[in-house]
Structure formats: C-alpha cells, structure tokens
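To keep things simple, chains are lettered A, B, C, D, E and F as they appear, and every chain counts its residues starting from 1.
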Amino acid sequence: MAKIKTGIPGLDEKIDNGFPEGSVIMVYGPPKCGKTIFSTQFFYSGLQEEEPGLYAITGLPLKQLKNMMRELGISPTQYEEKGSVFYIDLFSVQSGRAEDAVDTEIVRNVLPREMTEFMIAFSDGLKKICHNALRVRVVLDGLTEFVEINPEVLKRATKILIAKNKYANATMFLTYTEGTADPRTETLFKSMVDGSIHLDGKGKLVIESMPMTPCPIELNYRITKKGIIVR
Amino acid sequence: MAKIKTGIPGLDEKIDNGFPEGSVIMVYGPPKCGKTIFSTQFFYSGLQEEEPGLYAITGLPLKQLKNMMRELGISPTQYEEKGSVFYIDLFSVQSGRAEDAVDTEIVRNVLPREMTEFMIAFSDGLKKICHNALRVRVVLDGLTEFVEINPEVLKRATKILIAKNKYANATMFLTYTEGTADPRTETLFKSMVDGSIHLDGKGKLVIESMPMTPCPIELNYRITKKGIIVR
Amino acid sequence: MAKIKTGIPGLDEKIDNGFPEGSVIMVYGPPKCGKTIFSTQFFYSGLQEEEPGLYAITGLPLKQLKNMMRELGISPTQYEEKGSVFYIDLFSVQSGRAEDAVDTEIVRNVLPREMTEFMIAFSDGLKKICHNALRVRVVLDGLTEFVEINPEVLKRATKILIAKNKYANATMFLTYTEGTADPRTETLFKSMVDGSIHLDGKGKLVIESMPMTPCPIELNYRITKKGIIVR
Amino acid sequence: MAKIKTGIPGLDEKIDNGFPEGSVIMVYGPPKCGKTIFSTQFFYSGLQEEEPGLYAITGLPLKQLKNMMRELGISPTQYEEKGSVFYIDLFSVQSGRAEDAVDTEIVRNVLPREMTEFMIAFSDGLKKICHNALRVRVVLDGLTEFVEINPEVLKRATKILIAKNKYANATMFLTYTEGTADPRTETLFKSMVDGSIHLDGKGKLVIESMPMTPCPIELNYRITKKGIIVR
Amino acid sequence: MAKIKTGIPGLDEKIDNGFPEGSVIMVYGPPKCGKTIFSTQFFYSGLQEEEPGLYAITGLPLKQLKNMMRELGISPTQYEEKGSVFYIDLFSVQSGRAEDAVDTEIVRNVLPREMTEFMIAFSDGLKKICHNALRVRVVLDGLTEFVEINPEVLKRATKILIAKNKYANATMFLTYTEGTADPRTETLFKSMVDGSIHLDGKGKLVIESMPMTPCPIELNYRITKKGIIVR
Amino acid sequence: MAKIKTGIPGLDEKIDNGFPEGSVIMVYGPPKCGKTIFSTQFFYSGLQEEEPGLYAITGLPLKQLKNMMRELGISPTQYEEKGSVFYIDLFSVQSGRAEDAVDTEIVRNVLPREMTEFMIAFSDGLKKICHNALRVRVVLDGLTEFVEINPEVLKRATKILIAKNKYANATMFLTYTEGTADPRTETLFKSMVDGSIHLDGKGKLVIESMPMTPCPIELNYRITKKGIIVR
C-alpha cells in the first residue's frame, strides 16, 4: 500500500511511513487541541511533495488561516501560483460584507449551509488541482460546522467525497471538535473514516485506527512555534 | 439441526460445527472491529461449499470491498461467473456520478433510503442465486446505514428477510456498528436475531446467543492478513 | 381463589398451586431469556387440562413457533382438531407474500399495526375457543411489538383484554422484552398486570408480584430440551 | 384543625388523629404497593362515619374494585342505598362493549381522555353526595391514568378539585404510581397536595408531608387479608 | 446601601440588617420547605414598616393563604383598609366557578396563562400601593406556575418586574419549587435575581448569593407556629 | 503579537502582558461569579488607554450597569463626552415602557430577539467609536441571553463579529453563564473563541486557553470593592 507523508515530525515512522494513499483520516479532539495546526502541516507537506491540495476552512477566515500558516513558517504562495492549491472559505461569507469574501481563481467563498454550492466548489477545486497530478490532498477543517447544519447531509457529503477519492486518487483529512455532536454521530464518523487520530489537548495523541496498522498507538505531542511535533 | 460453516478458523468447533442453517446471526461491535472482514469470510466460505451468496454492502463501495477481499486472498470471481453471487451496492450510487454505480447482471446499485427498491433488488438477487441451490447465504453489511434512515422500516425489512429465509433456506448474516443506534434499538436487534456475536475491537469475541448453544461463550480473536482467526 | 397450572415443572408449588384464574401475568426479561418457551409451556399445559387457548405470536412466524413446540415435545395438533386452539400470527403477514400468511379456521394473520383488526381477530378467536369452556388461556407473545407502534394503543388494548377476561374467564399471559420500552412504560406494564415474573437470561427467575402471594420470590431456572424447569 | 379518620389501623395516632379535614392527600409508590387497598379503606372509613364518598377508579373495572372490597370485608352496599356513594368508572368503558359500562344512579362511566366529561361526572357526583352532608371524601385512584393523557390538564383538574374542596368541605385522596411520570411532574404533585405518603411496596410507609405535622415520619406497614395495617 | 427587614427572626443580623432595598430575592427549595410561610413573613414585615405590598399567589386560593396567615398570627386587615395591600390571585379563577374568584378593590383574579392580564393587574396594583409610599414590596409566590406555561415569557416578565423595580423603588421576593424546571432554567433564575436563598426542607437555610455580602452563608431554620425562625 | 491590558490587577503579568490584540476572549462561570465586574474592568481599562469601547449589556439595565461601575470607582463619563464610548442596552426595552429605553447619541436600545437590529446597532456603534482609533474594545455581556433565543443565530452573529474584528482591529470580550446552554453549545463557544477564562464563583480563575500561551493556568481571584483582583 502506497503511503503519503503526514507532515508531522515524528509521526510517519510510527505508522509505517505515513497515511495510506487514498484513505480518509479524521483528527479530532477538544477545542484548541491543535486540529487546524495539524491540518496545515498535512496540507503543506503535500505541496512540498508535489501533491496539490484543496483546503476547506470553516472555523476562521481564510485570511486568518494564512496568517497562522505564516507564523508556523508555512508559505503556500509559490504553490498557489503554480495552480496546485485551491481554497474553499466557508467562514468569511458569513460576515455579510461582500468585500470580506471575494472569489478568485483559487478561492471560493461558500456558506456552510449551502451544501450543494459547497459540493460544486469542491468538484471545481478538485478538477483544477487534479490536473496532471498523481496524488492530491483534501483537507476539510472541519466537520463540526456541518454537523450543526444537518448530520445526515454531512454523512452523505462525506461519502460523496470518499467516492470521489477513488476517482481522483485523493487522500482526505477531516477535523472534528469532540463534544459538539452527539455520541452516536461521533461513532458514525469513526465508522465512516479509514483512520482516526485523537488529540486530547494535553499532550497525548492516540492513533485509534489506521488501515493495516495495529491500533491503538499512544504517543505524545507538543505544539511548538513550528507546529505539532510527535515523540 | 443442520449446521453451516462460519468461515472463521477456530470458530466452528466452539459452536457445534457452525451456525444453524436458516438462522439469522448478527455480528456487532465498535467501528473497525472487523465486522466486514468477518462478513467476507462468512460469504466466501459459503461459496466454497457451493452455497450461493448475496452480499449487500452499505459502508464502502463494492469496488473497495472487492479490493479488500483480494487483499485477504478471497477471490469470488469464479463464483460470480457461475451465477452464484449477487451484490447490492448501497454506497456507490450516493456519489451522484452515474459512472460510479453501473448495474450489471450480478450487481445492483440502490440508495439506502429507497427501501422498496432495495427489497426488490434483494428479491431479484435471491431468486437468481437460489436457482438450483440447496442453501444460500445472505450478508447485510450493515444495519447501521438503515438504522439512521428509519428504524421501524429496518425492523420490518429484517422481518421480511427472516420470513424469506424459511422459503429460500437462506442463512442471514447481519453486521451492526455498536453505539450508532439507541440502546432500545440495539436490544431489539438482539431480540430479533437468532444469534449474536460481539467483537470488542480489542481481541475479545463473545457469542452472546446462538440457537441450542449455552451462552455466553467468550473467545479471543485476531485480525490477520488472511482475516479473522479465533482461538 | 381458583388456581391454574403454570406448565413449568417446579413452579406451581412455589406459588400456591399456580396462577390465579382470571389474572394477567407478565413474563419479561432480556432477549433470548426464554419468554417464548415459557409461553408455549403455559399454553400447552392449559390444553392438557381441557382449557382452550389463544396464542398471539409477534416475533417469529407461527410455522417457526410450531417447530419450536415440536422440538420441545409439545404437540397441539389434537387440540387444534378439537377446536380448542386459536392462533393469531402477527409476523408472517409482514413478509408481503400472500402465500406466507394464509388464514384458516384456527389461524388469523394480522399486521401488528392494525390494532383494530387484531382486536377483531382476538374477539373472534376468544368466541371460538370459549364455546363450552369453563376456563381459557390467552397468550400475547409479546408486548414488545406493540410498544413500538403505539404505547397508548397497547395500554388501551391490554385493558380491553383484561375487561374481556372477566367476561370469558380467561387467564392472560403476556411477554415483554426488557429494555425495548422506556422505564416509565415498563413500570406501567407492571402496574397494569396482576403478577409479573422476571427471567434474567442467566438462570434466575424472580416472581416480582402475584396476587395473594408474598413477593418477591427468587428462584432458579434452566432451559432444557423439554423446556424451562424451575428449582 | 378538624381531623378525619384515615381508615388504616395504627395510622391515625401517628398523625394527630387523622388527615386534616379539607386537605388533599397523595399516596404513591411502585406498582402493587397497596395504593388501591389504602384507598378503599379510606373511602369505607368515611362511609362508616356518615361521610359520603365519591370514588373514581381508573386502573381496574368498578366490578373488580368491588370484589376486592368484598374480599377485604368492606361492604359499601348499604351506603349506596342511602345515596351517600358515587362511583366514576374510568376503566370499563375502554372495553368498547356497551354492556360492560352501564351508567346507574350512582355509577358514571367515563373515558379518562374525556376530561370535560369526567369533570361533569365529578361535579354531578359531588352534588349528589354532598346533599345534607357535613363532610365528604373524594378518592381519585389514580392520577397515573391522567398523567399519560395530559399532565397540564391533570394539574388544572386537580386544582379545580382542590378549589371545589373548600366549597364542598371535601377531603381528597389521590393515588399515583411512582415512576410513570417524569421527576418534575412528581415534584409538582408533591407541591400541589397538602400531604404525601409513600409506600415502598416492601413494608415501609413514610409520611413525607402532612399539614401541621413535623415530617418525615417513617412507619412500617403490612398488607393483611383485612387491608393495610400500620405499626 | 439601604436595607429592608426580611421578616424572619434571626435572619436580618446575618446579612447586614436585611435585604438590599430594590433588589430581587429568590427563595427556593423542595415542596413544603416553607416558601409560602417565608413569603407571608416578608410581606407582613413590610406592612408593619409602612411599606405597602403586592402579593401574587399561584399555588393556593387567596382565601387559603389568608387562613394560613391568620394561623401564623399575621393579620393584614388593617393594612388592607388603608389601601396599602394588593393581591393577585392566580389560583381561584381556575376552578371555573365565577363565585370563587370575585375581584374587589384590592384583589384581582387572573389565569396564570394570561400573562398580559397578569402584567396589567401587576401594574395596576403597583400603582395603587406605590401612591405616597417610599418603599414597596412585591411577592411573586411562585415562579413554578409560570415556568410550566412558558419559561421564555416568565423570564421576560421577570425582567419587566425588575425594570419596574427601579422606577417604583420595589423590592421583589420570588419563590420557586426546586426540581420543577430543568437545571438550565434554574441556573437562569439564579442568574437573573440579585440574591437567592435555599431552604432544604430539613432545617438548613443557605444564602447562596446576596448583593455586597460574601456567600454562601449556611444557617439553620425551623418552622414554628409563628412562622420561620433562623438560628 | 501586540497585547492589550485586561484591566484586572495581577492578571496581565500571568499571560504575557494581556490579551492578544484582535482576539476573542470568553469569560464564563456560574451566576454571580463576577463576569460583569470583569467586563467593566476590561472596558474601562481600554478607555484609560485611549481605546474606545462598545459595551452591549443584556442582563440588567444600562442604568444599573452604570451604578455598578460607579460603585467600583469606574467613571466612563469623560470618555462618553469624547465620543469614544457606545452602549447597546438589550435589557431596558423589555420593560415595555418607552421612557425606560430612550436612545441617545451613544446609547441604542434593542430587543435581544431582534438580532438584525442588534447587528445594525453594533455596526453603527463600531463605526462611531472606531473613528480615528487604533484599537477598540467590544464587550458582549453576555451570550446567555442570545443562546436562549437561537443558538444558531448567535453563532452566526459571533462569527460576523469576529470577521468585523479583523477589519476594525477590535478585541472582543464575551461573557457566558455556565450551565444555561447544553454542553455541546458550551464546547462550541470554546471552539469559536481564541481564549477562554473560567471563574468558579469560589475564588478560582482558570485560563483555559489563550493564543500563544501554554494553558491551563490556575489562579486565585477575589471580588473587592474596587473589582476583581488576581493573585
């Protein structure tokens, strides 16, 4: 099974060289546990490996996400220019001010409750970045936003994404804020994804499931100025 | 009482040579505990015994299920050619792309919420594989998908299947992801089936009930590259 | 107070020679604890005492119930011929296939959600078996099916049955799968019946209430090839 | 404060010669704890003191209630003839058979969900028995039936009864099956009545509240062939 | 900060000479813990200090409230004649009998669900008693009645009252039966009032919050023939 | 990262000189724990640093808030005259009396359920105080009011505020009464804000999260006549 890099120093060697290509990985935990930091590392790691990436952000404006990347020393600018990056900003358009949410060649602004528009933006973005790419990465950061709108719709959407995965050879990375959905929906998420990783916000990272890897694997993590590090 | 093989090395001898013919067996447990692996072993074991099989899959595309079988060393191809296999793929059609869900002689694509269509596909499939067969196996992997749509419909459907059982001499195998329904529905499932087996995802397999067998029976299991093994 | 036999070896002597005539007894417990076996023993014991019986079955087809009776060495055939038996099969008609649910002189097929039809079948059956009988027995195996449809309707129906009881001199036997209704409804059941017996599925039988008998009475039970035995 | 007899041997002396006249007393506990037996003793005790009584019964037919009274050695017949008794049977009319629920001069049959009709029957009955009486007793056995229909309606009804109390100089006796309503409604009941008594079904009787009496008072009770006795 | 007397012997000295003038105080606890007795003492204490009072009663008829006051040795008659008392009876009108709920110069009968009418009665009453008064007291005994109707409406109403407070220089006294609302609403109550006092019904009184007073303060209380006494 | 003063003596030095500029900080805890006192100190501290402020108050009338400030020795009058203060009073208009809720140049009265009007008032206020200001502070005291109306609307509104933050260089301060929303919504709040501080009402202050600061940090606090002090 082909593997792709996780982007987290110290993690790849624990799970046989990274995530399985084409798999769906969920990272979840309490608020402020490091989900978005993990996401940006995963995303940027792909860019560095010539794997184009689509990043859908729901919890903060794209502008703030980019500031955060910059502070972590991550600079996707050159990849954006090469056309191997696509963003879906599901936050900014909520401000109600048109100037906060301007679409560009590589940015699409969508309301999270407009699932159909999101799906179209997603397809468009995937088509753009997949062009000539062997592998792509998809980050959906995070599920929480959608859970609130309609869990059933979310589930269906996630399945569409998974189905598209096979077609586009994409590896999907999902984040979820623990405790914002009911336990049954959380179980359902774990059931739907191929692998799930828990960050407890206090330094413990547990790989609860990962294809072809005996689990659970308990590790320690730390959030540094350069991002998450696993020991 | 006639018995049929479970397909799991080490399990048949613990329960008096296998599952009772014509019974309804449920395997359940947390996400990633091995339910689908168990299902494919049960399914394939029947094919090897000249017992045609119907496999209804809800949690991943049929294509991915077959990849998984191949990795386990299971190859249903020859049985497919003999007409003793029928698949109902309840996943792929959700992608919304027609090319992902093409019906063939032995594959039917159905949306899980279209219970009537599923029932028709089920009847058609059963009719096809039952032709000239003494015994058939039916795998419904898994119930979880239907629970979400309508527990009442599911219950009725399961009863229809059980009733058809007697007519077609079919043994039914159901999987269910623990924790995705409320406890009352879980109790109801256990009440409706003839036998239930719990996999805890950590190596413990418990036969909670089995017709004419004193229960519970606590066993250990392991997921190997060849599938589940019981000790 | 006149008593009638329970049909369970070892139980009558514990409760002053059996159940009070005309009472309503509920047997309940987890799935597979032996409720239906108890029911058939109670039912058959009446037939042997020249007490006609009505058996309403909801959880499996009448055909399978009879197989089960046969395996327990219970043969109601001669009583069926004498016209002292009536069955209401609430399961088979759910298969949707007319040939699975054929009405006869002594069998009526009804959908559990058609409460009115069930009530008519019940009245008809009671009228038939009550003819020239001093005492009759009524088995409703089980309540669970009805609970799911409409607890309020069930309660009213149970009361109708209790009212008819007095008129027909019938003793009623109800089964219920613990945990499929909410605790309040379970309390309500116990409140509505005259006596309740709990089987824990692990060998413990508790008579929780019984008219004119100090309770609780804790006993042990075993499911043998001949049915339930109490020690 | 004037007191009236409870009808339970051994109880009056514990609470300063009985219940306060004009108060509302609730007796509650699990199924089969003795609520109806207590009710009949309270009711009959009044008749013996020349206090007419209205008995509204919901959980069994009036006929069975009278059988039960007879077995306890209670015979209201002479008081019925004197016109100092009125019954409201909220059970029998549910059988659907007209002959089971025939109204007489002193019996009214009402469906529990027809709250307005019940209120009319209640007013009529009260008017009849209050004629020339200094004190009357009202038994509502029990609340459970009404809780299920509409807790809000029940509460309003109970208040109407309490208001009528003052006018008719009636003492009201309510029963309630613990656990059939939600805890908030149970608290509300205790809040609405003047006194509440708990029977635990195992021999312990607790006077939880009683006007002008320091509570709780813990007592023992036993159900004998002559009814409840307190020690 | 000006203080007003609580009316409870022994309490004023524990909280720096009484309740802050113009504050909103809630007294809550289980049924029969003494809330109404506390209310009448607070109310009467004001009258004695030339502070007119408005008493809104929901759980019993005004007539019974006055009987209760009389038994406690409280006689508001002279203050009623002076025009410094106003009652809102939210109970009696529920009996449905016009003669039970007659409005007078100082009594208004209102249905608890007619919040608007209650507000009008409240305003009218406040206007009447405020005339020429420096301070007034308002008792709302109790909130429970309104909680059941519409918590949102109640909250708004309570705020209106608080706003009117400032205008009329009124101190408000609220009672609430613990356990009849959900925990969130209980928290909300505590959040809305300025001070809250818990009576546990077993002799413990806790001042949970009180403006400018370090809390909690744990005290003992007793219900005597003269009302509540704190030690 | 630029920092702004918290206004709480002893707190700034614990978190690297104050809150990050432009961040969203939530202070939450049980009723009466000191949230509004904290808010006024934060608000006033900004004014003293030439940082204009917008204060939206929901739980008490603006007039009472100002009284409270005055008692704490806080006097925003001079800043009001300079035009660097704006108030939104979401309480007073609920009294229904026009004279209690008069709009001025720097005060806007809005009903909490009129979210759109609140948003307009918010925008207007922000525009006014931002004029010529480098930094502004926004206090929303508190969220609880809005949670009750519509959690979804609240969330969207909070996001709009956060988005406007970036534009106006505002730091936002939110308060929330613990236990008035369900746990999932509380988790969501913590997920949405940049930092959260818990006051337990008993002297313990915990900084649960704060951008670029290792958390949690456990501190002690005391409410004095001059406001909250941290040790």
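By definition in this document, a residue touches a chain if its C-beta (ideal position, glycine included) is under 8 Å from a C-beta of that chain, and two chains touch if they have at least 3 such contacts.
Note that this is a predicted model, so its numbers are computed, not measured.
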Report task. Give the fewest steps needed to get from chain D to chain F, where each step moves from one chain to a chain it touches. Result -> 2
Requested in this report: Could you run down the chains that neighbour chain B and chain E together?
Outcome: none
Query - Angular offset of chain C relative to chain E [C-alpha, multiple of 5 degrees] - result: 120
Query raised in the report: Of all chains present, which has the mean Cα position farthest from that of chain E?
Result: B
Requested in this report: Report same or different for the chain B and chain C interface, where same means the shared residue numbers exceed half of all residue numbers found there.
Outcome: different
Report summary line: Greatest Cα-centre separation from chain F belongs to chain C
Query raised in the report: Distance from the CA centroid of chain B to that of chain D, rounded to the nearest Å?
Result: 56
Query raised in the report: Can you give the whole-Å distance between the Cα centres of chain C and chain F?
Result: 65
Query - Distance from chain B to chain A - Cα centre to Cα centre, in angstrom - result: 33
Report summary line: Flagged in chain D as touching 2+ other chains are none
Query raised in the report: In graph terms, with chains as vertices and touches as edges, which category applies: line, ring, star, complete, or other?
Result: ring
Query raised in the report: In their complex, what parts of chain B are in touch with chain C?
Result: 119, 152, 155-156, 159-160, 162-164, 166-167, 183-184, 187-188, 190-192, 209, 215
**Report entry** Contact set on chain E toward chain D in their complex
**Finding:** 30-32, 59-61, 63-64, 91-92, 94-97, 100, 144, 148, 177-182
